[in-house]
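Letters are used for the chains, namely A, B, C and D, taken in the order the chains are written, and counting of residues starts over at 1 for each.
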Amino acid sequence: MLSIKRLSRDEAFIMIAAAEKKATAIGVPQVIAVADESGNLIAFSRMDGGKSSSIQIAIAKAFTSGAARNPTMFYNEHCVPGSPSFGIHVSNEGKFSIIGGGVPVYAGNDCIGGIGVSSGTPAQDVEVADAGVKALEAQWKRKKARTKK
Amino acid sequence: MLSIKRLSRDEAFIMIAAAEKKATAIGVPQVIAVADESGNLIAFSRMDGGKSSSIQIAIAKAFTSGAARNPTMFYNEHCVPGSPSFGIHVSNEGKFSIIGGGVPVYAGNDCIGGIGVSSGTPAQDVEVADAGVKALEAQWKRKKARTKK
Amino acid sequence: MLSIKRLSRDEAFIMIAAAEKKATAIGVPQVIAVADESGNLIAFSRMDGGKSSSIQIAIAKAFTSGAARNPTMFYNEHCVPGSPSFGIHVSNEGKFSIIGGGVPVYAGNDCIGGIGVSSGTPAQDVEVADAGVKALEAQWKRKKARTKK
Amino acid sequence: MLSIKRLSRDEAFIMIAAAEKKATAIGVPQVIAVADESGNLIAFSRMDGGKSSSIQIAIAKAFTSGAARNPTMFYNEHCVPGSPSFGIHVSNEGKFSIIGGGVPVYAGNDCIGGIGVSSGTPAQDVEVADAGVKALEAQWKRKKARTKK
């Protein structure tokens, strides 16, 4: 039997809260999804004004970063005509996103989930997704520091 | 031009919080989705232990109750072989759910969204979805009372 | 962070070997799939003579029993017109199977995966799936007995 | 009436065993699928640690190499904008993979199936798929040698 590490529901919403805060700061209402290490949705928020076309994109970015364990930008850079990974953008019934804005969450060497953001430019989406991941990592550090005392 | 009434992001999460509270009270980790009046996802939470097969079902129940403006149980009762609405359960590329647990949200005569719950028995799912709707209605009443003063 | 129990690759093939042995004994070439606790495929074998139409069915049965944590026969019994769970057979983009032959695997209270069998009658499929589960449970008992010594 | 040559279940697992051995040697837990000459799945193994997003990709690579009778890399090289085969990567409802890692199996002039590997880099996936094919060809040679004696 295997023992798998997975983002909890509360951790997913810590990420969403921080991502929404960053989205508000840069003035872009975003659609934000968090998936687990298997790519399955844990948490989701579409801010007022977020695009309805971004719902599936955000969920796909969360799936991709969580299940494939890389930022979607990694695949974006490699998935160009003539490259051997070209075509990955149409895999998984269209649920594999190579658009910037999906970022995996690692606990040590284990990918335990991913966050996907959509509605802004890819650069804005990445910035908001990163804010979500950093907030969770900061929370982990605070917890660890408390435990050590 | 039309002016459409729609659940806000904050209202969606008021519903999810109340639904999660009820789910915890009855001891069933649930998957909860809230959609707008067009059927598009606004908010989502999979409680720790919620089934991964319930993700699409909860989203489908929210879509159905929000967009079709009836509880999914309404369709469940009518969608039986020989009835003229039989077949609706396979419409919308499988996203039309007739399983109990989807409940629309009305503001007066306007359906402004819907909540869908999945992972328990249909009766438990309905109970948890109802708790979400009631919490939002109670909040509206409190606001109205404050405004009158 | 959550810690999730999941069937390993080797455990999945212990189940497939036992299921194939039973299928051979009853003279029905079967298609056998094993999924993890999230419903994702781990192992698969189509015996020579197994039906090609059974590929998706076996995978769907494994998904359903692993992710929804019940035998597919449970849903078969409940999913009848007029029942509040009628309609579940068309959920999850057709990947939710209510045909007999999907059986979950439990380690204590945790569902860690599921096995799905297709090509025979539902009764034969259940018999073969059960043989797979029992073989794994027997192996666990032997291991436990060895550890105690 | 036609007589079709097709990979057997046992031959498929000879390929998977050799592919897994190579995957272990290069330190990449892989997802491996084997399809028949019609593109239908015969055998599948997701090694512990293989990505869940690779399940559909490996199956698509096996389908493509078995049914289209070429390595997926062949299509990767030709499927570039401006080339007359550009667009094939979105055919077959997304099940046609042009990512490196799908390799057909030939018995003389007949394509009798294909193997698809996913989770590593395309180069690693090709290396592991090739190991599967070579192991089966070696086994055929040994059998032939024995028959001659």
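Note that a contact is a pair of C-beta atoms (placed from the backbone, for glycine too) under 8 Å apart; a residue touches a chain by one contact, two chains touch by 3 or more.
Computed from a prediction, not measured in an experiment: that's the story for all the values here.
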How far, in degrees, do you have to turn chain A to put its CA atoms on top of chain D, rounded to the nearest 5? 90
Between chain A and chain C, the Cα-mean centres are separated in Å by 31
So what's the Cα centroid distance for chain C and chain D, whole Å? 25
Quick check on chain C: which residues sit in contact with 2+ other chains? 2, 8, 38, 40
Name the graph shape formed by the protein chains and their touching pairs; answer line, ring, star, complete or other. other
Looking at the whole structure, which two-chain pairs count as touching? A-B, A-C, A-D, B-C, C-D
Going by the contact rule at the top, pick out the chain C residues touching chain D in the complex. 8-9, 13, 33, 38, 40-48, 52, 55
Where on chain A does chain C make contact in their complex? 1-8, 11, 36, 38, 40, 107, 112
In the complex, go through chain A and note every residue touching chain D. 2, 37-39, 63-64, 67-69, 81-82, 84-88, 90-94, 96
Touch list for chain B against partner chain C, complex: 48, 51-54, 56-57, 60, 73, 76-77, 79-81, 89-90, 93-94, 97-100, 121-123, 126
